[in-house]
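Got a structure for you, written out below as structure tokens; questions coming shortly.
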Amino acid sequence: MAISATASAGLGQTGGPAPGAASPARGSRLNVGTAFAGAVLGYLFGHWLGNAIVSGDLYEVAFNTSTNNVAIFLALLFGVVGWLAGIGALNYPIAKIMGKEAPAEIPEEGWARFLKFTLDHKVVGIQYVVGVLMFFFTGGLIAMAIRTELLNPTSHIFGPNIYIQLVSEHGSIMMMMATSIVVGPLGNFLVPLMIGSRRMAFPRVEALSFWVFISGLMVILTAFPLGGFQTGWTGYAPLQEQSSGGMDSYLMGFGVIGTGMILAGFNMAVSIITYRAPGMRWSRLPIFAWSMLGTAGLLTLATPVLFAGVYMGALDRTAQTALFVNAHGGSSFLWENLFWFFGHPEVYIMALPGFGIAAELLPVFTRKPLFAYRVGAAGMIGVGLLSFFVWQHHLFQSGINPDMRPMFMLTTELISIPTGFIYLVGMGTLWRAKIRLELPMLFVLALYFNFLFGGITGVYLSDVPINVQVHGSFFVMAHFHYTIMGGLVFAFFGGLYYWLPRMTGSMMNETLGRIHFWMMFIFFNLTFFPLFIVGLLGMPRRVFEYAPRLQTLNDISSISSYLLGFSFVVFTINLVWTQFISPKPAPPNPWNSKGLEWTMPTPLPFHNFSRIPVILSDPYRYGEPDALPVADFGEIAAATSSTHEGLAGAQPTSSGTEEV
Amino acid sequence: MADAPGLMEPAEEIAYETRCAEGAIWTGTRLLIGVIAMAFAGVGFAYFYLRSVNSEGLWRPHGQTAPLLLGTEIAGAALVGAILQSYGLFRLRRGLDLDWSVATWATAGAGVLGCGLQIWELTRLGFQPGQSGYASLFVAWGPLSAALLLVGAYWSETLAARALRMKSAVAGDGGLSASQLPRARLFRASAEGAAYFWWFITTVSVLFWLLFYIV
Amino acid sequence: MKGMPSTPEGRRLNRKHLTRLVIPWAILVIIIEPFIWFVLRNHLPPGHMTDSATGIQFDEAVVTMTGSPIVLGVLMYFGYAVTVWRVPRNAPLEDGPPIRSNIAVQAAWIAITSTIVMSMFVFGTYELVVPAGSGGGEGPTPIWTPATHKILPIQVIGQQWRWTYRYPTFGGFETDALVIPNNTEIAFHVTSLDVIHDFWAYQLGVKADANPQVDNVAFTKTQHTGRFVVRCDELCGVWHGAMYNYGQVVTPSQFMAWATSTEKKLAPMTKTLPPVNYAGYTPSANGAAGGYYPAIDPFSKVEETAVPNGKAVEDTSALRRTNPSQRAGAGSTTTKTPTGTIKKPTTPPVTNTSGKVG
Amino acid sequence: MIVLAVFAVAGSLIGYTIADYLRARPPTVNFTAGHATGQPVNLTLQTVGAIGYGPTPNWVSYLTKSPSGKWVHTTVWKVPENTRINVTVYEYDSGSPLRNQAIGQVTGVQGGTATLNGKPFNLINSFQGNGVAHTFTMPALGISVPLYGVNGSAKTFCSTAAPCHQSALHNTIKFSFMSGNHPGEYRWQCFVPCGLATVDGNGGPMQAVGYMGGFMKVVA
């Protein structure tokens, strides 16, 4: 709901500072420290308020369960609000009530800007890199704890209480992370550079999305001291109503993260639609921007349903409504429907960016134009549209609309057609190419390898009869780890190795990078491939006890998972060493890419482009010596002003039909 | 971004970026409506789902209904807001800045009034939240409805306040309705968006009014 | 330009690479497909204890046979590309042929994938509909039912955290043991007393969610005797991982002997049970221990609807219990505790039938 | 400086969380030390309506008497294999009707019966009398014994913090079972939805090891 508050927030900037503009952001003392202070104060206030207002039946419930859900919710809510106020995100929305215009954007130098509420999309992108890595490593450590418990089928290291909390936290944290892992860091950083814009459409919304995202991690982690939640990341009701106080953190956490996702997607979609440089026709848009557009569409339109769902869950737990309780007129199916109506598009929120990165990197390392660009772009949009019509394939055995199962089987299998386009694009681009196996290229090839298994097992899952066997088993679990981790996370790290020189100006170490890649690739497969078999042999998900005959496979998986975890230690050492301790300056265009994002000097100027570029071509003109450069920064325009579109006549939303 | 340090923008770049920003407001308004519509679609789905499932016959025992008069007033407030905001825009296009201001302040007032009535109504329900599917869903929908009206009121209020502050700056350039300064153009784009948004609020309010009170 | 797709040189190269890719692929496919069908298929889970399990096994084989040429082809392509078209990393920068699209390839790709998908859909639907839902949960009113009317109904009751089974055709006794006869069509009526569970009889190829107040029916026909495992397959709380037991498929005569003797043995207990009601036991979300909705008793206001399948509903206030510490000193909240309607005889209502049970 | 302080605070918060987490396991009462082969193990438990202290004072709970005679708030025991376990439960809590009356059955114990205040029984009709307060159930060994509730309105109803004193109103239930010859961790729990004020009564103490469920670790 905060969107419209800030939707027009960035607008005053174009008009310049007006009399009565709010004080400029320069020298703002608000940073992550004040944000923490605000969060703590807000938490305490909310807790006090919650305890103060609870009375009547609610008091009886809170007394008997020793858990005051109202207090927990209010504490978390005010904690988040305090956090945002502490970082300064609320200054402008409040100043707006007085009719003040947005302060001018002042560039800030130094590392301190990374700890502040900043409107520069490049800074936000780097903040997001750190943010998603924090999420990823927290979730990863928990994953290793899960695998530790599963080392032995019957004796317990953590016991069921802690184990189920770990499973739930791992799922939630990783899902939250995966929705933003590419859109946040790479999307925010690169999309304006790729579309030839000086800014995002709504920089305040963008910055807000990051700080909301970070608060989401803190909220979900509060579940541990509050007793955890026993529902897994799917949060099925009525177990949700029954669960201990940590469930409130789950609902609040997904509400908060959902808000952040909506904000990020909103800003991304509007930016790509309206801030493309002149000449950046839809047919010239880099494929990565297409994937961001598809993802942003899903983020903005699917996530509100999740928001509605967790909101209803929160009411069931605080206001004693009975939306998910059958015995009082609600329905346990309602949550399943709402959750998966969001949940399935979310799966593609986590797949599309990986495809985008892979397709964007392939031409660079094959030295060929992207094959079947239009089919690829259409595939991404097609996947996005179809993903709204498949959600009940998660509920094939639930007894909901059993006669609709063939229909959902059809839509689910149909979605493999546009997903297959990404293989068409990849294989076509590799045809007779000059393949250079640089580090990012290895990650891209690994994505194609892993996603092949993830995708083909998806066909097993979509087939209703086979679904009877594999639904809810480790087979499903291995399937989505192959698509999300094997696809998206590999693509993210590939993209990070590829674009970090652009983002920070320093190269990553090649040798350490290769060690990281090979460890990650081998042990990822060794961790998750056995789990396909384990699932087929009858091991349900999220159990702490399993059949002793499955121990060997589980142990292979567990031990591999430790080594997989170690590969990220290698990565972290590489990152810290090459980016902070001993930076090695990168050449301006280390991969010899033709992309627009590599045409600017390093470090990137505050406004990206000193002249708004006029786009002349798509960025994949490899092997065409006569091709025009990707963009004209004014020099060509000055010489031949009448031969191509210039600024004066260009419309921001021009659409071209030029044959590529 | 003419003010941006180290950046000398030619006039056509400023014009171009202004057009982009106008487009962003246009697109952003529509997308925002999409976002909120999907959230309310979740509630609407819940309504029809619980109604069709009718668990234990407890969808809506004895035809429970929230206070009809209050509900009608709330939907009415939304409708009044939309009409006022659109009428104001109509007058603004005719160059009548003051009419627009009055209408917009009134719209903001209607939004706050509707929000307040909605919250008050939640304290005056003849049923308890967990009593039936209808009761639960009504309790869930009420705060969302109040929040939506408040968002509309916020948008109108910020616009009206902004117009007050901007008045003198654009006075020499044809006033709010005609000035070609980027900030005035963006202001008008936002005013247009607000009118559009208020019709969306009204649509949602009336649809749910039909569902919860009439059907 | 050399190697452009339209040049003769380019066409020659295309043909060469295509041949070198397709022939080994075709040979491998010819080897692999019979292997899957004749060797792998019979080892695929979940075995063939029932017709639905056999059906699942058959489907897995068919999908594997469809999928493996694709997987193989893609892997071989990537392997071929990386070995043949790789350029040393220190080689001077050289661009490949600017092939942007190829209508024939794209059209063929789309046509082939669409055909595969549509045939998978038709096949999957056939395999779902014809074997009566293939062992999956079909909701309260299944539309794909077995042809025979001789169906043994068994109610599967999930509760946190164990399964119990009722045999409606044997007086409705309830037991922890799931014993079913061989060569019989079985209807599992899966329901839950609390949260969502999922009844997964692994070797039977049966899986159906257990929802409170919902009857989810799954059919299967037993074909072999033996032991099978039942697991809960939907996260249902802290003991989810421990929610499993074992069942047994026995010969029909063994089953009759077991069922009649168990019916007799459990008769005293069965008398205290409510009549079999496929949509669950008691419509109270409050549990035995006093509710989450303390002041709300929705059933007191609803006359007809609250009696599903003719079962009398207890006053839900009787299902509440007092909290001792609350009584000790929690002030005003104590007044809300109802006394309940439990009859209070002087001696406990316990029975000892051990002499008869033996 | 501020940033460092923030990191220190964040670090200690994380440290606290992890520490809180690790100590969340109830202690194990060991019945194997000094146990002579062939001798039965005497396991004495009590159920209280409210534990009366700690972060969740109103949760219902089991308590275990350690070999040294001290009441321990835990549900995890270690017993030797192939041993007869004589269980005595002092039941101090009020009862209620069962959602699934099938749990009123006594199963899997030696002789097929348990005793309630000295009287043998193998079935409780929970819709009469005080109802069933809790059960002692170990699904893997097929053991289940319902525990008849006490009159919740009686004057001598236990209302102190756990452990309850013998002078408070209680029922004594006794039964025996064999620990079996497969070492491992056996789950046991109460099957009466007694998590007060939670949906379906299965939240809170029902989902916490140490309150209404735990493990019997059988060792060779």
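Residue numbering begins at 1 within each chain, and the chains themselves are lettered A, B, C and D in the order written.
Everything that follows uses one rule, which is that a contact is a pair of C-beta atoms (placed from the backbone, for glycine too) under 8 Å apart; a residue touches a chain by one contact, two chains touch by 3 or more.
All values derive from a computational prediction rather than experimental measurement.
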| item | value |
| --- | --- |
| Label of the chain whose CA centroid is most distant from the centroid of chain C | B |
| Chain pair, C-D or A-B, that carries the greater number of C-beta contacts | A-B |
| Separation of chain C from chain D, taking each centre as the mean of its C-alpha atoms, in whole Å | 32 |
| Where chain B and chain D are represented by their mean Cα positions, the distance between them in whole Å | 56 |
| Distance between the centres, which are taken as Cα means, of chain B and chain A, whole angstrom | 29 |
| Distance between the centres, which are taken as Cα means, of chain C and chain B, whole angstrom | 45 |
| Per-residue multi-chain contacts in chain C, two or more chains | 194-195, 212-213, 237-239, 242, 283-285, 290, 292-296, 298, 323, 326 |
| Chain D: positions in contact with at least two other chains | 57-58, 187, 195-200, 202, 207-209 |
| Contacts with 2+ other chains: residues of chain B | 55-56, 58, 61, 128, 130-132 |
| Pairwise touch network: line, ring, star, complete, or other | other |
| All pairs of touching chains, each written as two labels joined by a dash | A-B, A-C, A-D, B-C, C-D |
| Partner chain A, residues of chain D touching it in the complex | 2-3, 5-6, 9-10, 16-17, 20-21, 24-25, 55-59, 184-185, 187, 195-200, 202-204, 207-209, 215 |
| Residue numbers on chain C that touch chain D, as the complex places them | 157, 159-162, 164, 174-176, 193-195, 212, 237-239, 242, 245, 266, 268-269, 272-274, 281-282, 284-292, 294, 314, 318-328, 339-340, 342-345, 347-354, 357-358 |
| List of chain C residues in touch with chain A within their complex | 1, 3, 13-14, 17, 44-46, 52, 55-56, 59-60, 63, 66-67, 70-71, 74-75, 77-78, 81-82, 85-87, 89, 91, 93-102, 105-106, 109-110, 113-114, 117, 120-121, 124-125, 127-129, 131, 133-140, 142-143, 194-196, 198, 200, 202, 205-209, 211-216, 229, 231-242, 244, 283-285, 290, 292-296, 298, 323, 326, 330, 333, 336 |
| Touching residues on chain A, where the partner in the complex is chain C | 56-57, 59-61, 63-64, 160-161, 163-164, 230-232, 234, 236, 238-239, 241-243, 320, 322, 325-329, 332-333, 366-375, 395-403, 405-406, 409-410, 413-414, 416-417, 420-421, 423-424, 427-428, 430-438, 445, 448-449, 452-453, 456, 459-460, 462-469, 471-473, 536-538, 540-547, 592, 620-624, 660 |
| Interfacial residue positions of chain D with respect to chain C in the complex | 48-50, 52, 57-58, 60, 93-102, 104-105, 107, 111-113, 116, 119-132, 137, 139-140, 142, 148, 151-153, 157-159, 171, 187, 189, 191-202, 206-209, 213 |
